[in-house]
Structure formats: structure tokens, C-alpha cells
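In order of appearance the chains are A, B, C and D, and numbering begins at 1 in each one.
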Amino acid sequence: MPTSPTKIAVAYSGGLDTSCIIPWLREHYDADVVAVVADVGQGDRELDGIEQKARSTGACECVVMDLKQEFLEEFAFPMAIMGSVYEGRYLMGTSIARPCIARAQVTAALQTGCDALAHGCTGKGNDQVRFESTYAALAPQLAVIAPWRLPTWNLRSREAMLDYLAVRNIPCAASKEKLYSRDANLWHISHEGGDLEDPWKAPPEDVWMLTTSPAQAPDQHQDVTISFKGGFPTAVDGRTMDSVSIMNTLNAIAGRHGVGRIDLVENRLVGMKSRGAYETPGGTILMEALRGLEQLVLDRDTLHWKQRLALEFGDHVYNGTWFTPVRAAMWAAAQSIAQVMDGDVVVRCYKGTSAAVRRRSPNSLFSQNFATFGQDEVYDHKDADGFIRLFSLPSRIRALKQNIATQDLAR
Amino acid sequence: MPTSPTKIAVAYSGGLDTSCIIPWLREHYDADVVAVVADVGQGDRELDGIEQKARSTGACECVVMDLKQEFLEEFAFPMAIMGSVYEGRYLMGTSIARPCIARAQVTAALQTGCDALAHGCTGKGNDQVRFESTYAALAPQLAVIAPWRLPTWNLRSREAMLDYLAVRNIPCAASKEKLYSRDANLWHISHEGGDLEDPWKAPPEDVWMLTTSPAQAPDQHQDVTISFKGGFPTAVDGRTMDSVSIMNTLNAIAGRHGVGRIDLVENRLVGMKSRGAYETPGGTILMEALRGLEQLVLDRDTLHWKQRLALEFGDHVYNGTWFTPVRAAMWAAAQSIAQVMDGDVVVRCYKGTSAAVRRRSPNSLFSQNFATFGQDEVYDHKDADGFIRLFSLPSRIRALKQNIATQDLAR
Amino acid sequence: MPTSPTKIAVAYSGGLDTSCIIPWLREHYDADVVAVVADVGQGDRELDGIEQKARSTGACECVVMDLKQEFLEEFAFPMAIMGSVYEGRYLMGTSIARPCIARAQVTAALQTGCDALAHGCTGKGNDQVRFESTYAALAPQLAVIAPWRLPTWNLRSREAMLDYLAVRNIPCAASKEKLYSRDANLWHISHEGGDLEDPWKAPPEDVWMLTTSPAQAPDQHQDVTISFKGGFPTAVDGRTMDSVSIMNTLNAIAGRHGVGRIDLVENRLVGMKSRGAYETPGGTILMEALRGLEQLVLDRDTLHWKQRLALEFGDHVYNGTWFTPVRAAMWAAAQSIAQVMDGDVVVRCYKGTSAAVRRRSPNSLFSQNFATFGQDEVYDHKDADGFIRLFSLPSRIRALKQNIATQDLAR
Amino acid sequence: MPTSPTKIAVAYSGGLDTSCIIPWLREHYDADVVAVVADVGQGDRELDGIEQKARSTGACECVVMDLKQEFLEEFAFPMAIMGSVYEGRYLMGTSIARPCIARAQVTAALQTGCDALAHGCTGKGNDQVRFESTYAALAPQLAVIAPWRLPTWNLRSREAMLDYLAVRNIPCAASKEKLYSRDANLWHISHEGGDLEDPWKAPPEDVWMLTTSPAQAPDQHQDVTISFKGGFPTAVDGRTMDSVSIMNTLNAIAGRHGVGRIDLVENRLVGMKSRGAYETPGGTILMEALRGLEQLVLDRDTLHWKQRLALEFGDHVYNGTWFTPVRAAMWAAAQSIAQVMDGDVVVRCYKGTSAAVRRRSPNSLFSQNFATFGQDEVYDHKDADGFIRLFSLPSRIRALKQNIATQDLAR
């Protein structure tokens, strides 16, 4: 690792923190700074004019990478197919974006000849671990700089940061006050801080950004049909679309009906609990649809094992250990299972609820007219006799043994 | 096992099927029949006058057992504490009642000197397995009669059954048509058959019985506060109540807001898929509240392990293998964990949705004012440096080794 | 399913049982019988002249299939790579052969135009389930005949069977007495019955067939080097060989040193316990070598997850549910992991023991000269400070919270 | 946490490292030092005169605690009952002692009014984590001093340490050379370093201390009978003994026959691999006996679940997270299961091998004379028909559905 980096690739969002980090890195390391912007669908408000902004803060270069499609197809959709949900609630929109962004940052760093990587994550969160786990797996030879963890980083309030920029005549539109800390992409938006820090308070309505309040949502439900091939969505309401359009469409529909709000006190990887509010409108109905499809096409052993697998896979997503052999192996298993996940599912959205109400598949194992197979061909009521006898045999043996032993003792 | 039983205890519901089974058993085995009625909260409509009804069909005795409290405290609440949900959806109201009912039936059979047990479950369902697994564990010496699986049972339509009763002058109020097959208790009601057998059709509105349609539910949300001690509910909205009152109260509130409807294609234990609709109003908000409480009081390792445990425990509930050493061991583990599950959770009900929006506990591990512990006492940002280095060390080593190997190959 | 089969493919071993089954099937069904012989390495003693034997008992055709290579490469070696061991002991030589044999039987049945499949397994064992699970997965349209479970099968002693053949002038060299029931192939031999049925008796020395008694084994240990590529063995002691030769070589070496004897009371799938003795000489050292190799090349998360996977995969092997989506998915995961399992392992054999004592791999994650990476590049002692602080943070928070609560209570 | 500790409790072994730590702590912190000696059966060679030794190095107090019985009964035996083995090999003798020792150290610290805890573990190992995880759980208010991780600790060679003591006129019998790093207690001894650091070298014979070389072991095998009550050993060869005597007896027998040697490349918690050699003579045959007993008394579901549990419990033992809710919950489950683990097992020891060859239990589920239950009472061959039909039903349905689909495609 270089003792003194000369060119640093920083994951740049255009927000206040990373706007300070660019000049700070230049000054502290006497190094060139490359701003790497990952477009994972956070939206134009954040991305418009970002190159100009990066240069104005002192970046020698700004690389903007459109990762929207790979974010969905290599990361978010596989997670949805797997069915992983962190601690029963969180659809992991921030977690799943980190390896995608960090991989792009590493690529840009290597292409622009950087010898160090930097990010603007704080020292108490999960994101620092996710970024640096990806760095370690893909480019262990590059130095890592996490300013927030350095004793020399003293910009620990928005005011201090605004002052820092003002002194350097770096223009910045950020406000002094910020109620919530947020992270957005095509899959979700997260909210932390403010009133959310009291778990005995309900999330205030001003938290939410992507979803209509259920109370304000339409009085008429809306059914949306999602079509799948091998677990990947291919069409919405019969119209074939690319992944990004599918996600935008689902976000719009679900958001309109107030679907996808999550409120959770969660265990961070770094050992403490935090309370977060999340909106994953399109992701929520995509997950619902996938689960509805699974019901039709996966047999019991497969589905139950996949449910356990989803828990373990989810920890890897949350922890940012995406580029690891075990995570890859789990996905190999899920891909094998997902081969039969073809079909259509109708999800009904209404005032915050979403439920798969119809589903069909060429690979369905359900048979409405089961009898048409012929009773002797597939199932005979009397088969259950033997099944139950053997299924309960261990209990029967134990009970008989105990009775005999009891009688022995009783004599 | 007796080749010819002389006194048979039958699990009697008062419905058409078991009303036929009593005379049928008497005639086929020349045996006395004891009707055992388990009151698990299915309601007065089913229970009123049931003793009289049982005797009028030929039972020599009718034993009515009030199991409501033990059903909740020994079966349903432990399942809720464990957090088991079958195939991600089904709250297992029918499954969890079966060992409770079957145990009472065995007790009544032994008390009344029966040498056989009978039930009215069909040969393609799960319930036969659940009943007979309990029989095997608790009274393997008693014979088991499952009329529906016998070639001599030829009452295979409602019409045939009504004729059978009419010929014998046994009064019966049952109708010839029955759209859905249902099972009810304090925890839930299930619906199968009819239009539900087509998974490409949404459940028709006439299916539902315990819950208002979300579209008809109040326009104003309702917050309900549930208090817990060791995971067991002790009060609703501040009023301390017994278990049965708590359940009735929660069912009323949730039902009014359309909460607790489930629509699922599930894998039966006996190897085929079936589609069911379920209503578990009170159970849904109780589960939601417990999960909200867990978020506060369980550390990550404990919660994540409990989630896996819940999947495995759920299979035992669904399969009816309640009276087994492994199921008991899992519950011993959950009890150990649940010691800290004290506190209050507010669940918000609105048009089919229910969400824990507030939670507090004397055993909370969440700290809003985390900083008050003092930075050096609990967490120092720089601790994350070392944590991440070691957390990602295996990835780093692998990558470094591979780089070295790659360079070797490149020469 | 045909009510009356006209041509039946029977899994034929040449032993007394299946020698009776051929004429019995012909007579009872008035059907042609095709004898299907699977060569999975059981040895010449069983296979010599088997075609002639089959025809002399009445088979219209005898199909001998050499499955030795596919048995190892598609079944036994994958199981060894996975590391599955049933109930901590049994290396599943019989279990793993069944899907291979049954698949070949189905192929032969379809090629010869049969409409039914038959096997000679008894009604209390696992093998009937393994055979018929494969039939169900690969050829559900064919009828299944399991004579031992039929009330019409009355040849329930060796004497009855010998008489049956004698009456029909079918020559048979089988003896009236048979101490143990055995099953052999390239991977192992199993022994059941006789004195083994008392678990309070040690296995008598006359049980064992493939392995020298440790007490008679050479006084000098022997080191054997096994080389692997992607987890599959490729060479022994430096000599590259095909799979069958590798297995024969390993069996010879291990057998000479008394390695691979197993004595176990196991849980059968059909609900009862049985006691078996097994010899898996070559398999034992192959498994030992693979575990030694894993130690070098798999990181902790991967190895620990694979250990859990091995338990679940093992149940599928034991139960005969090989041709199922979940089993295939697990193997997809293991294959992904096994990509790095290249290298050499030396296993030391001595008087019944075998232990991996040396191992090396191009993909080793172990570093003898760890320091050569440079302390700052890979590991700094002080990193452990932060790691331990965060690793134990949940315990610290819980303890601090409890102390505070205790103090509160103490006032 | 105190910025400057005034009285420090150090885990003292009497070895060179901790002999230096006492004066070093006194000098660096100007603090009193209490030496806490945990007797976990490491033997007189280490313990003789240790109080005198501690004082001569500057300890103001030396507390010797006999933990042998609690080490076995609260830690080692529960681990053995659980059946946890780390990475398939390591019986975790060092890991399991750490929480026992650290708890005693905390107790002594609180009793002697200390405000800090210190240990002599290095910064690359697991033991530092195990010690400090226990500290965090039991006494988070005490400061923790880990000299080896401090930049001010510069005694990084045996020579430097010997010089350090010589300058201070502190007598020390330690030698300049030490081939292996070792840790011993009643359960095992571990060896690291020296030639062991090359995994391509077999462990040299001079490594081993507790076990005779198999080649030198007696030519005659020895059978040892261990009796159990609830999983805990109560007698050896029919003689009832206390736990410590049982362990000493088993160690002597197994050691004489060369049983219990382990050679392993393992994954440390701190992210790197290391190679260790271990001797666990008595533990090996105790584990073997317990597994033999389980075979008789645990049904399939229970045993298979316990095997998965053992893997997860083992990680907690290895990682030192003993005093955590999840570890306690797992043990609650295991205790529930172990209630039936009564009986006797004979383990045969011979030249490095040990195998349970006989086992009996009043709770045995095995039945030699199974038929004596009567065929119709417990098992009827024809029951298997129905069992297999339903067991393989998912495969059959899938295959039939696919055939139909295939035919459709074929038209």
C-alpha cells in the first residue's frame, strides 16, 4: 500500500459530504482526486450538472457511470429472486447498491491510474464495511481512505462543512439544516435520523418521499401483472420492457398506492441497533409477485430450503460480502432453482397493501383437476394410511418403548 | 391394537361429516361411540346444542372440553413468539389447533375407556397426519379409524351423507350445497375449495368471514397497543386481560380494519399443492407486534438464528409433529430467548395493513442517546478501521494470492 | 399405469431373491421379464455368467450396463466433494448407488419397450424408497412392482426360495444359510443382520470382507498422495489414472491397512433404527484427503456454510431424492465452491487410521510467511483492537444496559 | 472506563510472557497488579510454586482458582454433549477454556477491587477475542489492557523478555528457545509454530506430549466403558467417579493408545488460516461414546437437527461468544434433547483408533426383536407402499406435468 497516495478515486455523490472530501483529500495528501459518480437511478435532482460540480470542487476528473441496468440485473433482481429480506422487513436497497457502486469505482480507479480509493461513509454505519469489503476483494493493492474515521477529519457538522467550502470559494447549494439522512436509487430510498431516532415515535409523514400516504392513495385498487422468465421480470401488464423501464413502471404504480413503506429497528453489522424508514415501492410488488410465482412452481423441499438460503444470502447482502465464494455459491444454487420461475403474477395494490392474487405458470405443479390424472395414477386415499404409519413411526416406537419401560417400573 | 374396537372416541365437530361418522362407526364396528368436542373458539354457531346433537346421532356420550386457554397459551402463542409462518404466508391456525384437539381427544378416550380413536379428516389433507401423529405419540396402544380412507366408507358427497342421515331419521340442518370447506378457531378461519381452486382467479369477496373488506374498512386508522411479558401478551391498550379476552379483542380490532387476509398456494405435507384463503386478524397484529418487540431486545446473532429456527419449527407445526423431542427442544431454545421480550408495541391498523409503528422495552438494546455512554466507553469511530480490516481479511488474502498467482502465470 | 403389465424390467443382481423374482413375475403377470444388471463395481464373483443365469431363470433378455465410471463421476465423487456423511459415520455407499442403478434400469426399460419396473428390495428398508423415487422422477408412466410388499409374495425365507427354484428346475448355487445381508460396489460394502442386530455386541471379525483387520495390518504406515482438480481426484502417488483405476487403487491401499470400517446404529428413512457395518476403504481416504484440501483453499464462511450444506445434501443422498431440484441446486452451489479445490494431499494409513498429514494447493489461502505481505499490507496487530470492540459490542451494550437497569431497580 | 487504571487483574500462567506483563503493567500504569491463576488442569509443572513466582515478579496479590470441575461440567462436557467439532476436526480445548478462565478472572478482579483486566494474548490470535468477549459480557465497566497490541509493548522476542526480567532481577527458568507454542488443560493440549507452519510437512513426532505414538502403543486393544446420565459421564468401567477423575482416567487410557491426535489447518476468527496440532485423548473417546449413545436414543429428526445445531454452537465456542443469549438458547435446546442420553458405551482403543463398538440404553429406540411388537402394531410391509407413493409424489407430479408439456411441444 502506498504510504502517500498520489491519485485518489473518490465515490462522489454531489452531496455536501463528498463535496468537502474532494478538496480535503487534495489538501491533505497533495494528491489528484478523481470523482467517480455511480448512476444507480438516484434521479436527475442529484445527477444534473454533477460533472461540473465535481470539477468546481477540485476534482481533476469526473467519471459518471450509468450502472442502472447492471445494478438491477446483477444485483437487485438476483436478491429479489433469492427472496432475501433483512430481519424480516428491510429490502436492502442501500446494501445491494454498494458492491455495484464500489466495483465501478475500482474499475474507474484502475482506468484513471489511481493508487487509492476513498469514500464518504461515516464510522458507525454499514456502508463503510460494504465499500471496503468490495475494495479488498477486487483491488487489495489500492490504499483505502475513509476520512470520517481519521482524526484529522474535523468537518463533523453541516455548518463546519459549509464554512469549509465557503472559505475555499467552492459554490454549494446545500442547506444548513437537514432533517433526515437519505440514500436513493432505482430500488429504494432510505431515511434515518431526526424523529426516527425514537422507536417509540411513529415515523412522521414528512419522512416519506417515493410513496403516497395510504390515506391519500386512490380509493380504487389497481392490479398489475408482472411476467417472469427464469425469475427475472420481462414485462408489466403485458408490455415487454427493459429492466430499467420495468423498475420505473413498478415504482410509479406502487408509489401511487402507498405500497412499500417499511419502519424498522435493525441490527447493524457494526454491532449497534438503528432505526430506519425505507420506501421500496416497485421492489415490494416485485418481491410479492416472485413469492406468488414460487408457490406454483417450487416443490416443498426446494421452497423450504430456499427460504433458509434466503436468510443466509441476505446477511451477505446486508454485510456487503457480495464478492465472496460463498455468496457466489448461494446464487449458483438459486439460479438452478429459478430455471422454472416462468409465468405471470397479478399483484393487487390498494392503500399501502400489495398482494399476489392471481398467478399462472407453464411449470406450475398445482393441479386444479388433480383427479384428471386418475386416482390410481397419482394419489390414492389409502396411500395416506401407509404414509402416516411410517411418518409417525418414530413417535409410536418411542411411546411404546416408554410404556413398556413404565410398566416395568410399575411392577 | 384391538382387531375389533368396542368403544370409539371420535373428534366431533357437529358438522355433516362427523354427524355421519357416529352412526357409521356404531354400525360398522358394533361399537359404542363417544363424541369428543373440542372448544378451541370456533364459536357458538358451531357449539350451541352440540351435546344434544351428538346424542341424537347415536353417541353414547358427549364430552365437551373448553381448550381455548390452553390452545392459546400452550400452542398458538408459543408459535407466535417463535415467529413461524408457513411458506412465508400462512399463520397456521388449523395446524396449530390439531395437536391441542387430538391430545384432548386422547385424554377423553382414556377417561371414558375407549379402545379406539376416530377422526373425520379426508385422505388427501394434512389434518389426518396431524391427528394421527399426536395419537401415535400419546396413545400408540389405541386403534385408529379414519373412515375417509376406508374402502367401506362410501359417503363421498354431501347428498349421500344427507340421505344416510335421513334414512336413519337423524335430524340435520346441513345444506346440500357448500361453497367452501372451512375450519375456525380463536386464531383463524381457513377457506378451501370453490373458486379458490383456480390460482389464476383472485379470491372472491364472499370467501371472507372474519374480516371487513379493506375497501369497506374505516377511513381512519386505529392504533392498538399490545403489552408483553416474556413474549406472551398481557394487555391490550393498557387493559390487562386473560389470553382469551386478548385474542377476542385483537380479532375484533383487526377484523374491523380488514387485517389478516392471506391467499396462498401451499405445499401440503402429503405431497401436493393446494390453494387456501385464511383470515387471522388478531394473530396478524400479534405477530407484527412481537416482531416489532424483537427488533428492540434481540441482538443480531440471536435474532438471525431465531429466524432460521422459526422456519424449522414452522414445519413441525404444519406437519403436526408437535409432541416430538425436537419440537420441544426448539421451544426450549425460544423460551430462553423470549425471557427479554417484555414491553409495549403499537400496531397501526388501516384498510388491510398493520404495522408496528412504536415499540419500547425495559430490555431495549437500542439507544437513542448512544453518545451518552461516552464515545470511548462504547464505540470509537476508529474501531471500525480494525474491524473492517479483519472482517475483509479473507477477501484481501484471496485477492492478493490470486494477484500473485496471476503474475506468476503472466511471466 | 397399466393394470396388467406385459413386459417388466427388473433390477437383477444374480442373487437368490432376484433369481426368484424373475420366474415369479412371469407367472404372476403372464409377462415378459427383462433382467437389468448394473455393474457398479460389485465384482466378478457376482457378475460372471450373469447373462446366462438370468436367461436360465426365465428372463427374455438380459441387459448388462457398465456404470462404474458414471457411478463414480456423477454420484460418488460429487458426494465426497460435498463431504456428506450420514449421521456422522456412514459414507452412504449403498444409498449413492441407487439413483445410478435405477436410472440405468429406467433407460433399459424404455429401450426394451417395458411397461413396468420391478425391484427386489424388502418393505422395511431404504432401498425401495430410493429405487421408486428415481422411477417417479424419471418414468412416472411406468408401473412399479415391489414383490416383497405384495401379499401374493410368499417366498419369505431362503428355504422357500430354494424350493421354489428347485420345483422349476432352475439351477441355483445359493446356500441355505446366510449370515449377513450385503451390498457391494466400487465405493463400499455393507453388512446387516446376524450378530450385528445386537448393538451391545461388537461386530464379529467374520463380518468384514474388504479390509484387513487393523491388528493384522502392516506395522509400517503407508503414505498415499492423492491429486485433485476441481475436487475430483486425478492421480494417486503421482500417477494420473481414470476414475475407476483411482478407486481400485485407493481401495487396495486402504483395505490393506484396515482403513474404512464403520459400525453404526442408524435411523432409516422409513422410521426405524437399524445397525449396520460398512467398509469404505478407498472412500475413507478420499474423503479425508478432500477435507484436508478444503482446509487450505476455503475461507471460513465458505467452509462453514458448506458443512451445513453437506448435512442437508446427505439426507437427500440417503433418502434417494437425487433427481430433485433441491438436490441439483445444492450441487450447483458445491460445484461453484469446488472450483478452487486443486492440489495434493498425503494421507497416512496405519492400522485402521487414516489422516491427512500434508497438503498443498496453488489456491491455498494459508501463508507460512504471512509477514512477507508486509505488516501494513495485510494485518496490523492493532487492527484487532477495533475488531474486538465491534465484535463484542452487542455484549457490551447489553451488559451496560442491564447494569443501568439494575442500578435503577436498586434505588 | 478509567483513563488510568490503578489496580489490574491479569490472567497469569507463570510462563515467560505473563511473567513480563506483571512488571510491565506496574511500570507503565503505576498500578497494582493482581495475578489471577486459573487451574483448569494444566498440571503441576505449570502450577507448582506459582503464587511465589507471581509475587516475585511484582504482583501484589495472587489468586489461584481451582476451576477444574466447573470447566468440565459447565463448559467442556456441554460442548461434548452438543457434539461440536470445529471445521470437522478440532475439539476446541483451548476455546472452551477461555470463557471459564475469563469469568474467574472477572470475579477475582471484582473481589480484589481492580479497575482493569489484562491478558497476555497476541494480536493475531483467537484468544484475545475470547477473553475480551467475556469481559464485555460480564464486566463492561472494567478497562481492558492487551499489552501485545500496544505500541508501547516492545518485548516481542523471548530474548527481549528474558533480558527484561534479568535487568529487574526477576528470576525466571524459561529457556531462550521454544519450538512450539502450547496451551494445556484437562481437556487437551495444543501445539502451534515451528515445523507445523508448513502444511506440506507432517507433524514431527516431537510435537506430541499427551499421547503415545500409535506405532509405540500396545499391540492389544483396550475396551473402556463409559456410563452416562443425561449426557454427562458418571462412571468409567463401572466405577462411579467425579468429573475430574473421569477426565483423568479417560486421558490416561486414550493417551496410552495414541488416541486423540489432530492435525489441522484452520480458519481463525480473525480472518487468517493457521495450522495446529492438538491432543485430546480423553475428549476423543468421550465424544465417540456420546455419538454412539445418540445413535440409540435420538430419533432421526432430533439427531439431524442437533447435528446442524452443533455446527452453529461450535462457532460460538470457537469465537468465545459463550456468554450470549443465542449460545444459551442453543444449550437449552441441547439439554432438552439430552434428557434421554442415559446408558453405557464401550469404546475400543487401538493404536490411534477409537470406536464405539457396543452401546445400550434404557431409552433405546432400537429394537432387535422388532417383530415382537407384532407386525400389525408397529410396521406392516404394505405401509411402505403408501409412504413411498406420497414421499415421491412431488417428483411424480413434476415428471407428469413435464411429460404433458413435452407432448404438447411435440405435436
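Going forward, contacts are C-beta pairs under 8 Å (C-beta built on N, C-alpha and C of every residue); 3 or more make two chains touch, one makes a residue touch a chain.
Note that the coordinates shown come from a computational prediction; the quantities given were computed from them, not determined experimentally.
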{"item": "Partner chains that chain A and chain C have in common", "value": "B, D"}
{"item": "Between the pairs B-D and C-D, the one where more C-beta pairs touch", "value": "C-D"}
{"item": "Chain B and chain D, separation of their C-alpha mean positions in angstrom", "value": "40"}
{"item": "Whole-Å separation of chain centres (CA-atom averages), chain C against chain D", "value": "31"}
{"item": "Shared interface positions of chain B, touching two or more other chains", "value": "267, 270-272, 299-301, 321, 324-325, 364-365, 367, 377, 379, 382-385, 387, 390-398, 400"}
{"item": "Interface residues, chain A side, partner chain D - complex", "value": "299-301, 362-365, 367, 373, 377-380, 382-387, 389-391, 393-398, 400-401, 405"}
{"item": "In the complex, chain C residues that touch chain D", "value": "83, 87-89, 122-124, 128-129, 132-133, 135-141, 146, 148-149, 151, 197-203, 214-215, 219, 221, 261, 263-267, 269-275, 291-292, 295-296, 299-300, 303-304, 307-308, 311, 315, 321, 323-325, 346, 348, 350-353, 355-360, 364-368, 370, 379, 381-385, 387-388, 391-396, 398-400, 403"}
{"item": "Touching residues (chain side chain A, partner chain C) in the complex", "value": "1, 267, 270-272, 298-299, 301-302, 305-306, 312, 321, 324-326, 328-330, 332-337, 340, 376-377, 390-394, 397"}
